[in-house]
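After this come two complexes, each holding chain A, first together with chain B and then together with chain C.
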Partner chain A sequence: MLNILTLAATEAGEMLEGLKAIGAGLGYGLAAIGPGVGIGTVVGNAISSMARQPESAGMVRTTMFLGIAFTEALALIGFVVFILLLP
Partner chain B sequence: MNVIALEFPPVSHLFDWPDILFSGSLFAVNKTVLIYLAAVLITSAIFLSAGKQRGSLVPVGVQHVAESGVNFVEESVVMETIGPEGKKYLPFLTTMFFFILFSNIFEVVPGIQFPANSRMAVPITLALVVWVIYNFVGVRSQGIGGYLKNSLFPPGVPKALYLIVTPIELVSTFVVRPFSLAIRLWANMVAGHLLLVTFAILTQTLWDNGYVGAAAPFAMLILMTGFEILVSVLQAFIFTILTAVYIGGSMHAEH
Partner chain C sequence: MSIKQEIEEEVMENISTQPEKRIANHLAVRAIWVSPLFLVISAIGWGLGGAISALLALVLVAFNFLTGAAIITRTVKISPNLLYGSVLGGYVLRLAILTGVVMSVRTFDWFKTVPFAMTLLVTHLGLLATETRHISASLAYPDLKPTKSKEIR
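Showing the complex of A and B:
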(Lines of atoms letter the chains of each structure in order from A and count residues from 1; the text may use other names and numbers.)
(Lines give C-alpha, C1' and ligand atoms only; values in the text may rest on other atoms or scores of the structure.)
Protein backbone atom coordinates (compact mmCIF):
# COMPACT_ATOMS: atom_id res chain seq x y z
CA MET A 1 0.00 0.00 0.00
CA LEU A 2 2.78 2.40 1.07
CA ASN A 3 4.67 1.35 -2.00
CA ILE A 4 1.81 2.37 -4.25
CA LEU A 5 1.48 5.69 -2.38
CA THR A 6 5.16 6.57 -2.83
CA LEU A 7 4.94 5.48 -6.42
CA ALA A 8 1.96 7.76 -6.88
CA ALA A 9 3.82 10.64 -5.25
CA THR A 10 6.85 10.29 -7.51
CA GLU A 11 4.71 9.86 -10.56
CA ALA A 12 2.42 12.78 -9.75
CA GLY A 13 4.55 15.09 -11.89
CA GLU A 14 4.51 12.76 -14.86
CA MET A 15 0.81 12.16 -14.33
CA LEU A 16 0.22 15.91 -14.50
CA GLU A 17 2.21 16.13 -17.72
CA GLY A 18 0.21 13.31 -19.23
CA LEU A 19 -3.10 14.83 -18.17
CA LYS A 20 -1.99 18.15 -19.65
CA ALA A 21 -1.20 16.46 -22.94
CA ILE A 22 -4.58 14.70 -22.96
CA GLY A 23 -6.31 17.97 -22.12
CA ALA A 24 -4.46 19.82 -24.86
CA GLY A 25 -5.35 17.23 -27.47
CA LEU A 26 -8.98 17.00 -26.41
CA GLY A 27 -9.27 20.77 -26.16
CA TYR A 28 -8.01 21.38 -29.64
CA GLY A 29 -10.15 18.58 -31.04
CA LEU A 30 -13.27 20.01 -29.43
CA ALA A 31 -12.40 23.55 -30.50
CA ALA A 32 -12.07 22.41 -34.12
CA ILE A 33 -15.56 20.89 -34.37
CA GLY A 34 -17.59 24.09 -34.46
CA PRO A 35 -15.37 26.09 -36.80
CA GLY A 36 -15.12 23.06 -39.09
CA VAL A 37 -18.88 22.93 -39.49
CA GLY A 38 -19.02 26.73 -39.67
CA ILE A 39 -16.41 27.11 -42.40
CA GLY A 40 -18.10 24.34 -44.35
CA THR A 41 -21.39 26.22 -44.19
CA VAL A 42 -19.79 29.54 -45.17
CA VAL A 43 -17.90 28.15 -48.15
CA GLY A 44 -20.76 25.93 -49.28
CA ASN A 45 -23.21 28.81 -49.34
CA ALA A 46 -20.67 31.07 -51.02
CA ILE A 47 -20.14 28.49 -53.77
CA SER A 48 -23.83 28.02 -54.36
CA SER A 49 -24.39 31.77 -54.60
CA MET A 50 -21.39 32.14 -56.93
CA ALA A 51 -22.82 29.39 -59.13
CA ARG A 52 -26.20 31.11 -59.16
CA GLN A 53 -24.85 34.59 -59.87
CA PRO A 54 -21.36 34.39 -61.37
CA GLU A 55 -21.29 38.18 -61.92
CA SER A 56 -21.28 38.79 -58.14
CA ALA A 57 -18.46 36.30 -57.55
CA GLY A 58 -15.95 38.99 -56.53
CA MET A 59 -18.12 40.39 -53.77
CA VAL A 60 -19.11 36.93 -52.57
CA ARG A 61 -15.49 35.82 -52.45
CA THR A 62 -14.46 38.80 -50.32
CA THR A 63 -17.33 38.25 -47.92
CA MET A 64 -16.55 34.53 -47.84
CA PHE A 65 -12.97 35.22 -46.72
CA LEU A 66 -14.29 37.53 -44.03
CA GLY A 67 -16.67 34.85 -42.80
CA ILE A 68 -13.90 32.26 -42.83
CA ALA A 69 -11.60 34.61 -40.89
CA PHE A 70 -14.13 35.25 -38.15
CA THR A 71 -15.14 31.59 -37.87
CA GLU A 72 -11.58 30.36 -37.93
CA ALA A 73 -10.64 32.58 -34.98
CA LEU A 74 -12.39 30.16 -32.61
CA ALA A 75 -10.35 27.22 -33.86
CA LEU A 76 -7.19 29.29 -33.57
CA ILE A 77 -7.93 30.16 -29.95
CA GLY A 78 -8.23 26.42 -29.35
CA PHE A 79 -4.87 25.99 -31.07
CA VAL A 80 -3.31 28.65 -28.84
CA VAL A 81 -4.58 26.83 -25.75
CA PHE A 82 -3.13 23.63 -27.21
CA ILE A 83 0.29 25.26 -27.61
CA LEU A 84 0.14 26.73 -24.10
CA LEU A 85 -0.79 23.40 -22.50
CA LEU A 86 1.90 21.37 -24.22
CA PRO A 87 4.43 20.02 -21.73
CA MET B 1 9.02 15.05 -26.59
CA ASN B 2 8.49 11.71 -28.20
CA VAL B 3 6.02 11.38 -31.04
CA ILE B 4 5.57 7.93 -32.59
CA ALA B 5 9.10 6.98 -31.43
CA LEU B 6 10.62 10.03 -33.16
CA GLU B 7 12.81 12.54 -31.43
CA PHE B 8 10.62 15.61 -31.80
CA PRO B 9 12.13 18.85 -30.48
CA PRO B 10 10.10 20.79 -27.90
CA VAL B 11 7.81 23.30 -29.56
CA SER B 12 9.66 26.30 -28.16
CA HIS B 13 12.93 25.13 -29.75
CA LEU B 14 11.40 25.38 -33.19
CA PHE B 15 10.72 29.07 -32.81
CA ASP B 16 13.65 30.31 -30.70
CA TRP B 17 16.69 31.36 -32.65
CA PRO B 18 20.03 32.24 -31.07
CA ASP B 19 21.21 35.84 -31.37
CA ILE B 20 23.63 36.47 -34.18
CA LEU B 21 24.62 40.11 -33.60
CA PHE B 22 24.61 42.40 -30.56
CA SER B 23 23.81 39.43 -28.33
CA GLY B 24 22.27 40.31 -24.98
CA SER B 25 21.47 43.91 -25.78
CA LEU B 26 18.06 45.36 -26.62
CA PHE B 27 18.95 45.36 -30.32
CA ALA B 28 19.94 41.70 -30.57
CA VAL B 29 19.55 40.38 -34.10
CA ASN B 30 18.48 36.82 -34.80
CA LYS B 31 17.04 34.98 -37.78
CA THR B 32 13.55 36.41 -37.26
CA VAL B 33 14.84 39.99 -37.32
CA LEU B 34 16.87 39.27 -40.45
CA ILE B 35 13.78 37.86 -42.18
CA TYR B 36 11.81 40.97 -41.26
CA LEU B 37 14.59 43.20 -42.55
CA ALA B 38 14.62 41.21 -45.79
CA ALA B 39 10.84 41.61 -46.07
CA VAL B 40 11.12 45.37 -45.55
CA LEU B 41 13.93 45.60 -48.12
CA ILE B 42 12.09 43.54 -50.74
CA THR B 43 8.86 45.50 -50.29
CA SER B 44 10.54 48.89 -50.51
CA ALA B 45 12.79 47.77 -53.38
CA ILE B 46 9.81 46.68 -55.47
CA PHE B 47 7.81 49.86 -54.98
CA LEU B 48 10.67 52.34 -54.97
CA SER B 49 12.23 50.98 -58.14
CA ALA B 50 8.83 50.73 -59.81
CA GLY B 51 8.00 54.28 -58.81
CA LYS B 52 11.33 55.80 -59.82
CA GLN B 53 11.37 54.91 -63.49
CA ARG B 54 8.72 56.86 -65.34
CA GLY B 55 6.30 54.11 -66.13
CA SER B 56 5.98 52.80 -69.62
CA LEU B 57 2.44 52.29 -70.88
CA VAL B 58 2.93 48.56 -71.10
CA PRO B 59 4.33 47.54 -67.70
CA VAL B 60 7.22 45.11 -67.71
CA GLY B 61 9.33 43.55 -64.98
CA VAL B 62 9.15 45.04 -61.51
CA GLN B 63 6.69 47.71 -62.62
CA HIS B 64 4.31 44.94 -63.64
CA VAL B 65 4.59 43.31 -60.20
CA ALA B 66 3.99 46.60 -58.39
CA GLU B 67 1.08 47.62 -60.60
CA SER B 68 -0.73 44.32 -60.36
CA GLY B 69 -0.17 44.31 -56.59
CA VAL B 70 -1.62 47.79 -56.16
CA ASN B 71 -4.42 46.91 -58.53
CA PHE B 72 -5.24 43.73 -56.63
CA VAL B 73 -5.43 45.52 -53.27
CA GLU B 74 -7.47 48.34 -54.79
CA GLU B 75 -10.00 46.12 -56.58
CA SER B 76 -10.49 43.27 -54.16
CA VAL B 77 -9.80 44.94 -50.80
CA VAL B 78 -10.51 48.66 -50.86
CA MET B 79 -13.37 48.80 -53.36
CA GLU B 80 -15.11 45.74 -51.92
CA THR B 81 -15.04 46.90 -48.30
CA ILE B 82 -14.61 50.68 -47.90
CA GLY B 83 -15.59 52.04 -51.31
CA PRO B 84 -14.13 54.91 -53.33
CA GLU B 85 -13.39 57.09 -50.29
CA GLY B 86 -11.05 54.41 -48.99
CA LYS B 87 -8.55 55.12 -51.78
CA LYS B 88 -6.38 57.20 -49.46
CA TYR B 89 -5.69 54.10 -47.34
CA LEU B 90 -4.48 52.21 -50.42
CA PRO B 91 -0.73 52.89 -49.80
CA PHE B 92 -0.98 51.71 -46.19
CA LEU B 93 -2.95 48.58 -47.07
CA THR B 94 -0.72 47.69 -50.03
CA THR B 95 2.46 48.09 -48.01
CA MET B 96 1.06 46.02 -45.19
CA PHE B 97 -0.11 43.29 -47.58
CA PHE B 98 3.30 42.95 -49.19
CA PHE B 99 5.23 43.16 -45.93
CA ILE B 100 3.15 40.40 -44.33
CA LEU B 101 3.27 38.35 -47.53
CA PHE B 102 7.06 38.50 -47.79
CA SER B 103 7.65 37.78 -44.12
CA ASN B 104 5.28 34.80 -44.38
CA ILE B 105 6.61 33.40 -47.62
CA PHE B 106 10.04 32.75 -46.07
CA GLU B 107 8.30 29.74 -44.57
CA VAL B 108 8.79 27.88 -47.85
CA VAL B 109 12.01 29.46 -49.12
CA PRO B 110 14.59 26.63 -49.07
CA GLY B 111 17.41 27.21 -46.61
CA ILE B 112 15.48 29.74 -44.56
CA GLN B 113 12.14 28.04 -43.98
CA PHE B 114 10.92 30.03 -41.05
CA PRO B 115 7.76 32.15 -41.10
CA ALA B 116 8.82 35.31 -39.28
CA ASN B 117 5.22 35.99 -38.27
CA SER B 118 5.20 32.89 -36.09
CA ARG B 119 6.75 35.13 -33.45
CA MET B 120 4.07 37.24 -31.81
CA ALA B 121 5.91 40.60 -31.64
CA VAL B 122 5.33 41.97 -35.12
CA PRO B 123 1.75 40.68 -35.61
CA ILE B 124 0.65 42.29 -32.34
CA THR B 125 2.43 45.55 -33.25
CA LEU B 126 0.75 45.62 -36.65
CA ALA B 127 -2.60 44.89 -34.99
CA LEU B 128 -2.09 47.74 -32.51
CA VAL B 129 -1.21 50.09 -35.39
CA VAL B 130 -4.45 49.03 -37.07
CA TRP B 131 -6.32 49.58 -33.79
CA VAL B 132 -4.99 53.14 -33.50
CA ILE B 133 -5.80 53.88 -37.14
CA TYR B 134 -9.39 52.67 -37.15
CA ASN B 135 -10.18 54.42 -33.88
CA PHE B 136 -8.58 57.61 -35.20
CA VAL B 137 -10.57 57.38 -38.44
CA GLY B 138 -13.77 56.78 -36.49
CA VAL B 139 -13.23 59.77 -34.23
CA ARG B 140 -12.25 62.01 -37.14
CA SER B 141 -15.15 61.12 -39.41
CA GLN B 142 -17.95 60.85 -36.83
CA GLY B 143 -16.69 62.89 -33.88
CA ILE B 144 -15.83 61.20 -30.60
CA GLY B 145 -19.43 61.15 -29.36
CA GLY B 146 -20.85 59.88 -32.61
CA TYR B 147 -18.17 57.21 -32.95
CA LEU B 148 -18.70 55.89 -29.43
CA LYS B 149 -22.47 56.04 -29.84
CA ASN B 150 -22.41 54.18 -33.14
CA SER B 151 -19.99 51.53 -32.02
CA LEU B 152 -21.35 50.98 -28.52
CA PHE B 153 -25.07 51.52 -29.16
CA PRO B 154 -25.73 50.05 -32.60
CA PRO B 155 -29.02 51.45 -33.91
CA GLY B 156 -31.99 49.18 -34.48
CA VAL B 157 -31.62 47.28 -31.22
CA PRO B 158 -34.46 47.31 -28.64
CA LYS B 159 -33.64 49.64 -25.72
CA ALA B 160 -33.54 46.92 -23.04
CA LEU B 161 -31.08 44.83 -25.03
CA TYR B 162 -28.42 47.56 -24.73
CA LEU B 163 -27.75 46.14 -21.26
CA ILE B 164 -26.27 43.09 -22.99
CA VAL B 165 -25.20 44.52 -26.32
CA THR B 166 -23.13 47.45 -25.08
CA PRO B 167 -20.67 45.49 -22.91
CA ILE B 168 -20.25 42.91 -25.68
CA GLU B 169 -19.61 45.61 -28.27
CA LEU B 170 -17.22 47.40 -25.92
CA VAL B 171 -15.12 44.29 -25.41
CA SER B 172 -15.29 43.06 -28.99
CA THR B 173 -14.57 46.39 -30.68
CA PHE B 174 -11.91 47.86 -28.43
CA VAL B 175 -10.25 44.87 -26.77
CA VAL B 176 -10.68 41.64 -28.70
CA ARG B 177 -10.24 42.98 -32.25
CA PRO B 178 -6.49 43.67 -32.23
CA PHE B 179 -5.80 40.40 -30.42
CA SER B 180 -7.89 38.29 -32.76
CA LEU B 181 -6.22 40.01 -35.71
CA ALA B 182 -2.75 39.25 -34.35
CA ILE B 183 -3.57 35.71 -33.16
CA ARG B 184 -5.09 34.80 -36.54
CA LEU B 185 -1.86 35.60 -38.38
CA TRP B 186 0.45 34.21 -35.70
CA ALA B 187 -1.39 30.94 -35.06
CA ASN B 188 -1.74 30.15 -38.76
CA MET B 189 1.99 30.58 -39.23
CA VAL B 190 2.84 28.52 -36.12
CA ALA B 191 0.52 25.75 -37.26
CA GLY B 192 1.99 25.74 -40.76
CA HIS B 193 5.54 25.62 -39.48
CA LEU B 194 4.74 22.77 -37.07
CA LEU B 195 3.08 20.84 -39.89
CA LEU B 196 6.11 21.17 -42.17
CA VAL B 197 8.52 20.35 -39.35
CA THR B 198 6.56 17.23 -38.42
CA PHE B 199 6.65 15.81 -41.93
CA ALA B 200 10.30 16.79 -42.42
CA ILE B 201 11.36 15.00 -39.21
CA LEU B 202 9.26 11.97 -40.11
CA THR B 203 10.88 11.82 -43.55
CA GLN B 204 14.38 12.17 -42.20
CA THR B 205 13.97 9.54 -39.49
CA LEU B 206 12.49 6.99 -41.88
CA TRP B 207 15.21 7.74 -44.44
CA ASP B 208 18.01 7.43 -41.87
CA ASN B 209 16.68 4.05 -40.79
CA GLY B 210 16.54 2.91 -44.38
CA TYR B 211 12.83 2.62 -44.88
CA VAL B 212 11.44 3.10 -48.38
CA GLY B 213 8.33 4.39 -46.62
CA ALA B 214 10.08 7.77 -46.32
CA ALA B 215 8.60 8.53 -49.74
CA ALA B 216 5.10 8.89 -48.25
CA PRO B 217 5.81 11.69 -45.72
CA PHE B 218 8.10 13.30 -48.28
CA ALA B 219 5.26 13.50 -50.79
CA MET B 220 3.08 14.94 -48.03
CA LEU B 221 5.82 17.47 -47.25
CA ILE B 222 5.85 18.66 -50.87
CA LEU B 223 2.06 18.87 -50.88
CA MET B 224 1.99 20.79 -47.60
CA THR B 225 4.65 23.20 -48.88
CA GLY B 226 2.32 24.09 -51.72
CA PHE B 227 -0.53 24.44 -49.25
CA GLU B 228 1.56 26.72 -47.04
CA ILE B 229 2.26 29.05 -49.98
CA LEU B 230 -1.50 29.38 -50.32
CA VAL B 231 -1.87 29.97 -46.57
CA SER B 232 0.84 32.66 -46.57
CA VAL B 233 -0.86 34.63 -49.33
CA LEU B 234 -4.30 34.07 -47.81
CA GLN B 235 -3.27 35.26 -44.35
CA ALA B 236 -1.69 38.42 -45.75
CA PHE B 237 -4.90 38.99 -47.72
CA ILE B 238 -7.14 38.35 -44.70
CA PHE B 239 -5.12 40.66 -42.45
CA THR B 240 -5.37 43.41 -45.06
CA ILE B 241 -9.05 42.90 -45.75
CA LEU B 242 -9.95 42.86 -42.05
CA THR B 243 -8.01 46.11 -41.60
CA ALA B 244 -10.00 47.58 -44.47
CA VAL B 245 -13.27 46.31 -42.97
CA TYR B 246 -12.45 47.87 -39.58
CA ILE B 247 -11.48 51.19 -41.18
CA GLY B 248 -14.61 51.14 -43.33
CA GLY B 249 -16.78 50.23 -40.37
CA SER B 250 -15.59 53.17 -38.30
CA MET B 251 -15.76 55.52 -41.29
CA HIS B 252 -19.43 54.99 -42.07
CA ALA B 253 -21.97 55.00 -39.27
CA GLU B 254 -24.10 51.88 -39.24
CA HIS B 255 -27.70 52.46 -40.14
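Showing the complex of A and C:
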Protein backbone atom coordinates (compact mmCIF):
# COMPACT_ATOMS: atom_id res chain seq x y z
CA MET A 1 0.00 0.00 0.00
CA LEU A 2 2.79 2.36 1.04
CA ASN A 3 4.83 1.47 -2.03
CA ILE A 4 1.89 2.16 -4.33
CA LEU A 5 1.29 5.49 -2.63
CA THR A 6 4.97 6.37 -2.88
CA LEU A 7 5.03 5.54 -6.58
CA ALA A 8 1.81 7.42 -7.26
CA ALA A 9 2.79 10.55 -5.40
CA THR A 10 6.01 11.85 -6.89
CA GLU A 11 6.10 14.86 -4.65
CA ALA A 12 5.74 14.90 -0.88
CA GLY A 13 2.88 17.41 -1.04
CA GLU A 14 0.83 15.21 -3.32
CA MET A 15 1.35 12.24 -1.05
CA LEU A 16 0.27 14.29 1.94
CA GLU A 17 -2.90 15.32 0.11
CA GLY A 18 -3.61 11.72 -0.79
CA LEU A 19 -3.15 10.61 2.79
CA LYS A 20 -5.42 13.43 3.94
CA ALA A 21 -8.12 12.25 1.56
CA ILE A 22 -7.76 8.66 2.76
CA GLY A 23 -7.93 9.83 6.38
CA ALA A 24 -11.01 11.95 5.69
CA GLY A 25 -12.80 9.07 3.98
CA LEU A 26 -11.88 6.63 6.73
CA GLY A 27 -12.97 9.08 9.40
CA TYR A 28 -16.34 9.67 7.75
CA GLY A 29 -16.93 5.95 7.32
CA LEU A 30 -16.03 5.19 10.92
CA ALA A 31 -18.15 8.10 12.18
CA ALA A 32 -21.18 6.75 10.31
CA ILE A 33 -21.01 3.33 12.01
CA GLY A 34 -22.00 4.54 15.49
CA PRO A 35 -25.13 6.43 14.43
CA GLY A 36 -26.12 3.45 12.26
CA VAL A 37 -26.04 1.20 15.32
CA GLY A 38 -27.83 3.88 17.35
CA ILE A 39 -30.62 4.33 14.81
CA GLY A 40 -31.05 0.56 14.63
CA THR A 41 -31.45 0.43 18.40
CA VAL A 42 -33.89 3.35 18.45
CA VAL A 43 -36.11 1.95 15.70
CA GLY A 44 -35.95 -1.60 17.06
CA ASN A 45 -37.11 -0.50 20.50
CA ALA A 46 -39.77 1.78 19.00
CA ILE A 47 -41.21 -1.12 16.99
CA SER A 48 -41.16 -3.28 20.11
CA SER A 49 -43.03 -0.56 22.04
CA MET A 50 -45.60 -0.12 19.28
CA ALA A 51 -46.21 -3.87 19.22
CA ARG A 52 -46.70 -3.99 22.99
CA GLN A 53 -48.89 -0.88 23.25
CA PRO A 54 -50.43 0.06 19.89
CA GLU A 55 -52.43 2.89 21.49
CA SER A 56 -49.21 4.74 22.30
CA ALA A 57 -47.86 4.46 18.74
CA GLY A 58 -48.14 8.23 18.17
CA MET A 59 -46.00 9.04 21.19
CA VAL A 60 -43.50 6.35 20.28
CA ARG A 61 -43.20 7.62 16.71
CA THR A 62 -42.56 11.15 17.98
CA THR A 63 -39.84 9.95 20.31
CA MET A 64 -38.41 7.71 17.60
CA PHE A 65 -38.21 10.54 15.07
CA LEU A 66 -36.44 12.83 17.53
CA GLY A 67 -34.12 10.00 18.58
CA ILE A 68 -33.19 9.31 14.98
CA ALA A 69 -32.57 13.02 14.31
CA PHE A 70 -30.38 13.41 17.40
CA THR A 71 -28.41 10.27 16.53
CA GLU A 72 -27.90 11.52 12.98
CA ALA A 73 -26.20 14.61 14.36
CA LEU A 74 -23.23 12.38 15.22
CA ALA A 75 -22.93 11.35 11.58
CA LEU A 76 -23.16 15.00 10.58
CA ILE A 77 -20.22 15.79 12.87
CA GLY A 78 -18.26 13.09 11.02
CA PHE A 79 -19.36 14.59 7.72
CA VAL A 80 -18.25 18.07 8.77
CA VAL A 81 -14.84 16.72 9.80
CA PHE A 82 -14.68 14.95 6.42
CA ILE A 83 -15.28 18.10 4.38
CA LEU A 84 -12.90 20.13 6.56
CA LEU A 85 -10.12 17.54 6.12
CA LEU A 86 -10.55 17.16 2.36
CA PRO A 87 -7.66 18.71 0.46
CA MET B 1 -74.30 19.09 22.03
CA SER B 2 -72.45 21.08 24.66
CA ILE B 3 -69.53 23.37 23.91
CA LYS B 4 -67.16 21.02 25.72
CA GLN B 5 -68.24 18.09 23.55
CA GLU B 6 -67.81 20.19 20.41
CA ILE B 7 -64.30 21.17 21.47
CA GLU B 8 -63.49 17.55 22.32
CA GLU B 9 -64.64 16.44 18.88
CA GLU B 10 -62.57 19.16 17.24
CA VAL B 11 -59.55 18.09 19.21
CA MET B 12 -60.09 14.44 18.27
CA GLU B 13 -60.27 15.46 14.61
CA ASN B 14 -57.09 17.46 14.90
CA ILE B 15 -55.06 14.74 16.58
CA SER B 16 -52.32 13.99 14.14
CA THR B 17 -51.95 10.54 12.68
CA GLN B 18 -48.59 11.57 11.27
CA PRO B 19 -46.67 12.98 14.25
CA GLU B 20 -43.22 12.86 12.66
CA LYS B 21 -44.47 14.72 9.59
CA ARG B 22 -45.90 17.52 11.74
CA ILE B 23 -42.66 17.79 13.70
CA ALA B 24 -40.57 17.84 10.51
CA ASN B 25 -42.78 20.56 9.02
CA HIS B 26 -42.48 22.54 12.23
CA LEU B 27 -38.68 22.12 12.13
CA ALA B 28 -38.55 23.23 8.48
CA VAL B 29 -40.61 26.34 9.24
CA ARG B 30 -38.33 27.18 12.14
CA ALA B 31 -35.32 26.69 9.85
CA ILE B 32 -36.78 29.42 7.63
CA TRP B 33 -37.22 31.64 10.70
CA VAL B 34 -33.59 31.30 11.79
CA SER B 35 -32.15 31.46 8.27
CA PRO B 36 -31.61 35.27 8.18
CA LEU B 37 -29.32 35.05 11.20
CA PHE B 38 -27.03 32.47 9.56
CA LEU B 39 -27.16 34.20 6.18
CA VAL B 40 -26.17 37.56 7.68
CA ILE B 41 -23.36 36.09 9.81
CA SER B 42 -22.01 34.14 6.81
CA ALA B 43 -22.34 37.14 4.50
CA ILE B 44 -20.43 39.35 6.95
CA GLY B 45 -17.68 36.78 7.49
CA TRP B 46 -17.32 35.20 4.05
CA GLY B 47 -19.22 37.39 1.62
CA LEU B 48 -21.86 36.29 -0.89
CA GLY B 49 -20.28 32.84 -1.27
CA GLY B 50 -20.57 32.29 2.47
CA ALA B 51 -24.24 33.28 2.44
CA ILE B 52 -24.98 30.89 -0.44
CA SER B 53 -23.10 28.10 1.37
CA ALA B 54 -25.12 28.74 4.54
CA LEU B 55 -28.33 28.71 2.50
CA LEU B 56 -27.33 25.37 0.99
CA ALA B 57 -26.72 23.98 4.48
CA LEU B 58 -30.14 25.19 5.66
CA VAL B 59 -31.85 23.61 2.65
CA LEU B 60 -30.03 20.32 3.28
CA VAL B 61 -31.00 20.31 6.97
CA ALA B 62 -34.69 20.93 6.13
CA PHE B 63 -34.53 18.29 3.36
CA ASN B 64 -32.99 15.83 5.82
CA PHE B 65 -35.79 16.28 8.37
CA LEU B 66 -38.58 16.19 5.80
CA THR B 67 -37.24 13.12 4.00
CA GLY B 68 -36.72 11.24 7.26
CA ALA B 69 -40.29 11.99 8.33
CA ALA B 70 -41.71 11.09 4.91
CA ILE B 71 -39.96 7.71 4.99
CA ILE B 72 -41.42 6.90 8.43
CA THR B 73 -44.91 8.13 7.52
CA ARG B 74 -45.07 6.04 4.36
CA THR B 75 -43.60 2.82 5.72
CA VAL B 76 -45.17 2.67 9.19
CA LYS B 77 -48.55 1.98 7.56
CA ILE B 78 -47.19 -1.00 5.64
CA SER B 79 -45.18 -3.10 8.10
CA PRO B 80 -42.72 -2.80 11.00
CA ASN B 81 -40.11 -4.71 9.02
CA LEU B 82 -40.30 -2.25 6.16
CA LEU B 83 -40.12 0.62 8.67
CA TYR B 84 -36.92 -0.80 10.15
CA GLY B 85 -35.32 -1.37 6.76
CA SER B 86 -36.42 1.94 5.31
CA VAL B 87 -35.21 4.01 8.24
CA LEU B 88 -31.77 2.42 8.11
CA GLY B 89 -31.68 2.57 4.31
CA GLY B 90 -32.94 6.13 4.44
CA TYR B 91 -30.13 7.07 6.82
CA VAL B 92 -27.53 5.80 4.35
CA LEU B 93 -29.38 7.37 1.42
CA ARG B 94 -29.62 10.79 3.10
CA LEU B 95 -25.93 10.74 3.99
CA ALA B 96 -25.14 9.77 0.39
CA ILE B 97 -27.26 12.64 -0.96
CA LEU B 98 -25.61 15.07 1.47
CA THR B 99 -22.15 13.88 0.46
CA GLY B 100 -23.04 13.93 -3.24
CA VAL B 101 -24.37 17.47 -3.12
CA VAL B 102 -21.34 18.78 -1.24
CA MET B 103 -18.83 16.91 -3.39
CA SER B 104 -20.45 18.30 -6.52
CA VAL B 105 -20.37 21.94 -5.36
CA ARG B 106 -17.13 22.05 -3.37
CA THR B 107 -15.04 22.85 -6.43
CA PHE B 108 -17.00 26.00 -7.17
CA ASP B 109 -15.50 29.32 -6.16
CA TRP B 110 -18.54 30.44 -4.18
CA PHE B 111 -18.54 27.39 -1.88
CA LYS B 112 -17.09 28.18 1.54
CA THR B 113 -16.56 25.18 3.79
CA VAL B 114 -16.55 26.87 7.19
CA PRO B 115 -19.94 28.69 7.01
CA PHE B 116 -21.49 25.60 5.41
CA ALA B 117 -20.21 23.28 8.15
CA MET B 118 -21.07 25.72 10.94
CA THR B 119 -24.63 26.26 9.67
CA LEU B 120 -25.20 22.55 9.07
CA LEU B 121 -24.22 21.50 12.57
CA VAL B 122 -25.60 24.42 14.55
CA THR B 123 -28.94 24.42 12.72
CA HIS B 124 -29.45 20.68 12.97
CA LEU B 125 -28.65 20.47 16.67
CA GLY B 126 -30.14 23.85 17.59
CA LEU B 127 -33.45 23.19 15.87
CA LEU B 128 -33.75 19.78 17.48
CA ALA B 129 -32.89 21.11 20.91
CA THR B 130 -35.46 23.91 20.68
CA GLU B 131 -38.04 21.53 19.19
CA THR B 132 -38.02 19.45 22.37
CA ARG B 133 -39.66 22.43 24.11
CA HIS B 134 -42.62 22.21 21.72
CA ILE B 135 -43.13 18.46 21.95
CA SER B 136 -46.00 17.18 24.01
CA ALA B 137 -45.63 13.38 23.51
CA SER B 138 -48.80 12.52 25.40
CA LEU B 139 -51.62 10.19 24.41
CA ALA B 140 -53.91 13.12 23.60
CA TYR B 141 -51.26 15.13 21.77
CA PRO B 142 -48.61 12.74 20.47
CA ASP B 143 -46.60 15.35 18.59
CA LEU B 144 -46.64 19.09 19.24
CA LYS B 145 -48.12 20.84 22.24
CA PRO B 146 -51.63 22.11 21.55
CA THR B 147 -52.22 25.74 20.72
CA LYS B 148 -54.45 27.78 23.04
CA SER B 149 -57.49 27.46 20.76
CA LYS B 150 -57.38 23.66 20.86
CA GLU B 151 -57.02 23.22 24.59
CA ILE B 152 -59.97 21.76 26.50
CA ARG B 153 -60.71 24.05 29.37
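Criterion: the second predicted complex is superposed on the first by the 77 of 87 C-alpha atoms of A that agree within 3 Å, B and C clash if a C-alpha of one lies under 4 Å from a C-alpha of the other, contacts with A are read in each partner's own complex, and residues count from 1 in each chain.
Throughout what follows, a residue touches a chain if its C-beta (ideal position, glycine included) is under 8 Å from a C-beta of that chain, and two chains touch if they have at least 3 such contacts.
Model, not experiment: these values are computed from the prediction.
Engineer: Counting only touches as set out at the top, which of chain B and chain C does A:65 meet: first, second, both, neither?
Structural biologist: After superposing on A, A:65 lies in contact with both chain B and chain C.
Engineer: Scan A:43 for contacts with chain B and chain C and give back first, second, both or neither.
Structural biologist: Only chain C is touched by A:43; chain B is not.
Engineer: Touching A:73 in the superposition: chain B (first), chain C (second), both, neither?
Structural biologist: In the superposed model, A:73 contacts both chain B and chain C.
Engineer: Of chain B and chain C, which one contacts the greater number of residues in chain A?
Structural biologist: C
Engineer: Per the contact definition in the header, classify A:85: touching chain B only (first), chain C only (second), both, or neither.
Structural biologist: In the superposition, A:85 contacts neither chain B nor chain C.
Engineer: Could you list which residues of chain A make contact with chain B in one structure and with chain C in the other?
Structural biologist: Of chain A, residues 58-59, 61-62, 65-66, 68-69, 72-73, 76-77, 79-80, 83, 86 contact chain B in one complex and chain C in the other.
Engineer: Chain A touches which residues of chain C in the complex?
Structural biologist: 15-17, 19-20, 23-24, 64-65, 68-69, 72, 76, 80, 83-84, 87-88, 91-92, 94-95, 98-99, 102, 106, 113-114, 116-117, 120-121, 124-125, 128, 131-132, 135, 137-139, 142-143
Engineer: With touch defined as at the start, can you tell me which chain A residues reach chain C in the complex?
Structural biologist: Touch residues, chain A against chain C: 28, 32, 35-36, 39-40, 43-44, 47, 50-51, 55-56, 58-59, 61-66, 68-70, 72-73, 75-77, 79-80, 82-84, 86.
Engineer: Which positions of chain B touch chain A when the two form their complex?
Structural biologist: Its residues touching chain A are 1, 11, 75-77, 80-81, 180, 183-184, 187-188, 190-191, 234, 237-238, 241-242, 245.
Engineer: Which part of chain A faces chain B closely enough to touch in the complex?
Structural biologist: 58-59, 61-62, 65-66, 68-69, 72-73, 76-77, 79-80, 83, 86-87
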